[in-house]
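The same chain A turns up in both complexes below, where it pairs with chain B and then with chain C.
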Partner chain A sequence: MSNDLNVFIIKYGFLVLLVGLIIFFSIFASGFAGPRSAVFIFQSVAITGILALGVTCTLVVDGFDLSIGSVATSSLMMSAYFLVILEASALTAIIACLLMGAFVGLINGILIVRMKVPDLLATLGMMFLLIGLQRVPTEGRSIATGMRLPSGEVADGVFPESFLWIGRHRFDLFLEKLIPVPVVIFILVALFIWIFLELTRHGRLMYAIGSNERATALSGTNTNFYKVLAYVISGVTASIGGLLLAARLGRGDIASGNNLLLDSVAAALIGFAVLGAAKPNALGTAIGALFVGILLQGLTMMNAPYYTQDFVKGGVLVIALVFTFALTSRSRQGGH
Partner chain B sequence: MNLFKKLTSSILATVMMLTLVTTGVFAAMPAPLDNPSKVKIALVRYLSTGDFFQAYLSGVETQAKALGVDLRVFDSRQDAALQADMVDQAIALGVDGIIIQHGLTESMQAAAQRAVDAGIKVVAFDVNVENPKIPQIEQSDYMLGKLALEQAIKDNGNTFKAGYVYVPGIAPLDRRDKAWQEIKAANPGIEEAAVFGTLDNPIANSNANQARSVLQANRDITVMFAPYDEFAKGVKIAVDEAGLTDQIDIYSADVSTADISAMREPGSAWVATVATNPAVVGEVCVRSLAIMLTGGDPGRSVIVPPTLITQKFLNDNDIKNMDDLGAKMPQFQHADVAMTGWMPLPKR
Partner chain C sequence: MNKIACEIYNLEKAFGPNKVLKGIDLKLYSGEITVLMGANGAGKSTLVKILCGVHQPDSGKISLFGSPFTPEKPADAFRTGVVTVHQSINDGVIPDLDVASNLMLDQLNQKEFGFFVKDSLLRKRARKIAQNMKLEINMKTQVSELGIADRQLIAIARAMTRDPKVLILDEPTSSLSAKEAERLFTTLDTLKSQGVAILYISHRMSDIRRIADRIVSMRDGTISGVFDKKPLNFEGAVTAMLGHKMTDVSIKIPKKGKKVIELENLVLSKGSRAINLSIFENQVVAITGLIGSGKSKLASILFGASNPLTGSIKLGNKNYNPLSTQEAIKNGVHMCSKDRASNGVIKTFNIEKNISLPFLSDYSVGSLLRFSRLKEVARKKIDELGIVCQSEDDDIDTLSGGNQQKVMVGRWLIKDSELLILDEPFQGVDIQARRDIGSFIRKTAKGRGTIVFVAELDEALEIADRVIVMNNKAILGDHLNNNINLNKVLSEITSEVKL
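Moving on, here comes the complex of A and B:
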């Protein structure tokens, strides 16, 4: 009996908590309940969510990618550089950023599998490298139309409407102008990663590498390929996040992206607890990101001061980790 | 004794005047700046990342170039201990003057004293080193906040519902907050519906998320006071996304080229900002130091006054970037502080 309860808590405890939270805020935070508010919560987590899905892939192969935050801000600066200074088209800028993300992921992967640099260290190095590199072309300045370049010329390029569209356009769904493009992209990326990890042979092999790399290698799998692939996916998703950020801000703001990194790692780790998975998974990551988003927006609506936010994120993460590790291992013991 | 002092100084002054007259244009500067390439000054920085600090540095560089002095830049990148070490490095290098740019009182007070003891002239920008021999140079953050709020009252009357973006514990924001508290106390009709704000980067994006939920919860806000341009950018994104562009006016502080284009978007809610030109602040720092090097006194406290910049002014004069702004608004291009008759100004 108590065993059943335990299983229930592990599988659904976190979702129950989520629903409880939504009910709580709907009652106590004016303006929280409603379709626009819901969409807005999705929007606020879309970018960190997309990054978190990339981290999930590296976690699956028992790796870790610390460089995603700086890949995202590099992509933000790079798209601004292409649009404003080189006056390239939106499509060129987008493709260039995606390639840059893939390339960074490839380098990360090669450092890790070929040069045998531990994943944390390799991606940490990449993080610093990118934080510095993204500032080189403009000598540390933010990029905006009308800025004076180091050469003394004035940059005349603008963010074209077609580029801003990916950050600002809203699709009609029942209500006019309801669903912003970043939310759609977030859902598409989540679906893609979920299908890839759960339903394809490649995804299965990546999980196998994560649990026992040696055994998987001995079964004839090219484990190095899949590990590099995980970092490439992570780099590409991070650059998508950066593009959405650029389109929303409409300018190239210098930023380290460290908060993006921490928030998305938290979302991926919270995802471990969803449905008792106790392992990295795409669905969990998406729900983890939403969970944090709901909490933060609800608290902001209730006028909670800014420093409660990190505290709350930390609280959620700790609770999620307890769900994942303590309860899961206890139920396993109970089963024997 | 007093008479003797007066006498000698007036003789000295006369001698100086004579040398000035006899040695032509360049020697218009008093010693030791009559031979400026032999004069070494150091800029010791605590904060350097971001548009403001880049512009500040360019101001320091151009004014140093105008004077012809040898400028060395030490950048501690927010490492307080390293910044103090860098002052010692500058002393060892034998510089004649040091500009301390930001930093912590606790770590810089002793280092600044060591520099003064070594006979070096020191000025401090936006950091209090608790030393009567060191002039404090400041942009008046209090005035930034006050001018923006006075404009808000001029535009909206003294009865409105406001959202306020504030993160306590950041010195300039705390000084701007003082203006908000005063205005609020003086105008009971101003209702502070919500206080929010975060410095999580990217700052504009994080604040956009927060502002969005504040607007959702308080649909009747008409004024947003965001006394830092990154905050204002975030609020503007949220206001646009919420479709409240026509209803809300945003008042902020600081300005950059990107801010100008955001303010000038058609129908933009960002109606006014108040700013000191960071490049001018940099120039004032170097000029104050130059005055001290020649034996003058720029005063215990040198304040660079801020300027109100409205959306209307930007549109009327078709201002696209900071250069245009400087050209159309002379008080933004040059602050008439720390000036002497002989002071060479950077070429515009």
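Moving on, here comes the complex of A and C:
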């Protein structure tokens, strides 16, 4: 393989694949091409995408956050608990959930930088802890208006309209009621994380830490601060994801969000392959999430059964990882 | 004279264009300890790696007791009796197993031990090995609970189970205290009396004085001196290792400005002599000394990475006691650390991102980076230092070692400093880059104090106008670099400092 071709494949191969998929589905899956279908794809990946952007930040500092899925479901249950059982306002519930996410991130960060627990183990422990903890207040049951509490009372609180708005409202854009709020939030979070990682000195220092932590510390950077910050960002984005899920479902469903962790980690890892970055990056993560969404939407429209979805996601992930690691390392070797 | 155990003729080895060994001739005798000395990059470790089968020579011959010796992999080497204990001790032991299992590790794959581990047999054999080595450690102790000295001795004892004819030890005392080292030396004495030929690689003068029967000095890929007449000529060996073919750089000693930093009664480690030292503006001061002389410790104290036992430092006329590198940098003390691969280079970054790393806040508005100014400063440093590259966008790992080092030095010069510290700035750097860096440091030295820590005397004389010798955590000599008395400097480097 000539070197130029190799460079082109590394850089644009994944995008070419993406465009190819879109064209393929537009021709063969009727109803795939069109604004409503496009918005549906965005909506289907918005929550996963937001979580994936958070985990991207931890990957940048050469860490990993396994607790994001459980932070999201905790946020889902916590907002329902606040609204339905404590009958708090929408704003209180949202702020409480965001603080919870930040706090979990802080604890993760402290476990990792202070207690020296390896990142995978610390966040695995946190994941377990949260999965258990979110079931304690309701004795393992889902939360909905009218449920009977352990004390025998009936919960009268409701999900207020203002809260449901963030999950269900659609803005008009050329077409009536086109863009759902979660999609707007996904795009805003992606933009924010992209600016943070690419355009600010904080982002650059975080990439430096991920590549050579010692050297970064010796250039006068408080590396522990930035590592903790990455986990706090990851915790907050995960809690945003959970809030959106709660607002969409309108109840605290204990069984929701099981797939969030794997899907979002996959999106972040697929993102390595976009534009030959070979490293975690916000743009890649967003495109990685969309890639999976497009593929699933197209296949569903072509009547692929739902149970093949995880298989397809796994296939995409493996191909993306081959793009990233095999091709990139081969071209690096060729360069010397 | 003892029997020749291993003989090396005209050994050559190159990595790409880089000739590392340029015709090595060396004999090792049974029952003798041969000390191999050489500065970083002299080719010692390549030689060791050829002897233990990791690398193959390009040309030349090795014979072992008269028959040719051509190990293709480490297993070949120790099967024929050439056993190496590497510098990194933890490569030689398995921390999570007990002492007995560690000692018997090589035997465990033999059939007589059967499928299930026979603990009693294992321990009996292990105890025998330990007795031969006069090793008094409980066989059931986990290695992870032991100190470094014990681990080192276990690694060596394990090496002994392979029944070596030739034992190679690569800087075995680098992490041992004097007392721990003495235990090792006693063991080596025992091995020597059993007729093992030992090749011992070290820089530590105290070790060498204690155990050497012969000294071989290496410099720049060749053997630069063999010393075997008693009493051994230690100074000659160090001179041969460091070399001082006077380089043709003329150093003009500048007028010293005001005092930049003053060390008052600084004690680096327990029981060592106090250090008193002042460095002035415009000066480029080289602090030289062998490994273990305290250079690295002093550098890390100045940069806020560790603390002195006692004593104080004044920067300008303020007390200076940095608790972190951030604080040091804030006070205008910049340090280009040694060993750029682990302490400097961000491998995934390009030149521009590497140069600006410590001072990003000077090149941003609030949190947002100003990309045009970052580009500008990177281009300026590329020009000034003559960094060979296509543009500031080049990935740093596409550059040669010398050019990478220029980026590392340039990093600390994009902002003016009170005190610039360069720790081994010429490590793994070619001659041209070394000249470029040296002249740039001298050219910009006005208005700041500069300290360069170097082990090689040549490099010190090439860059500095003042040369300070450290030995055993204390300062032994302070010379201006004109008509410098090299013999005096060398004797200060090698003499034994009584505490």
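Basically, the second predicted complex is superposed on the first by the 332 of 336 C-alpha atoms of A that agree within 3 Å, B and C clash if a C-alpha of one lies under 4 Å from a C-alpha of the other, contacts with A are read in each partner's own complex, and residues count from 1 in each chain.
One rule holds in what follows: a contact is a pair of C-beta atoms (placed from the backbone, for glycine too) under 8 Å apart; a residue touches a chain by one contact, two chains touch by 3 or more.
Only a predicted model underlies this, so the values are computations on that prediction, with no experimental measurement involved.
Annotation for the three-chain superposition on chain A: chain B and chain C fit side by side. By the touch criterion stated above, A:Leu199 is placed in contact with chain C alone, chain B being left untouched. In the superposed model, A:Ser142 lies in contact with chain B only, and not with chain C. When the two complexes are overlaid on their common chain A, residue A:Lys279 makes contact with chain C while staying clear of chain B. A simple residue count on chain A separates chain B from chain C, and the partner touching more is B. For the combined model, the angle formed at the CA centre of chain A by lines to the CA centres of chain B and chain C equals 130 degrees after rounding to the nearest 10. Once the two complexes are overlaid on the shared chain, A:Thr123 sits clear of chain B and of chain C alike. By the touch criterion stated above, A:Ala217 is placed in contact with chain C alone, chain B being left untouched. Looking at the shared chain after the overlay, A:Ala208 reaches chain C, while chain B stays out of its contact range. Our summary of the superposed model lists a minimum C-alpha distance of 29 Å between chain B and chain C.
Touching of chain A by both chain B and chain C, each in its own complex, is seen for no residue at all. If you check the complex, the residues on chain C that touch chain A are 303, 305, 324-326, 328-330, 335, 337, 342-349, 353, 357-358, 360-361, 363-364, 367-369, 398, 411. Within the complex formed with chain C, the chain A residues making contact are 199-202, 204-205, 207-208, 210-212, 214-222, 279, 335-336. Taken in their complex, chain B has these residues touching chain A: 48-51, 54, 167, 194-198, 200-206, 208-210, 212-214, 216-219, 230, 233, 237, 240-241, 243, 256-258, 260-262, 320-323.
Every residue of chain A that touches chain B in the complex is listed here, in rising order: 29-32, 36-37, 40, 43-44, 47, 73, 76, 139-148, 154, 168, 177, 180, 245, 248-251, 253-260, 296-298, 300-303, 305-306, 309.
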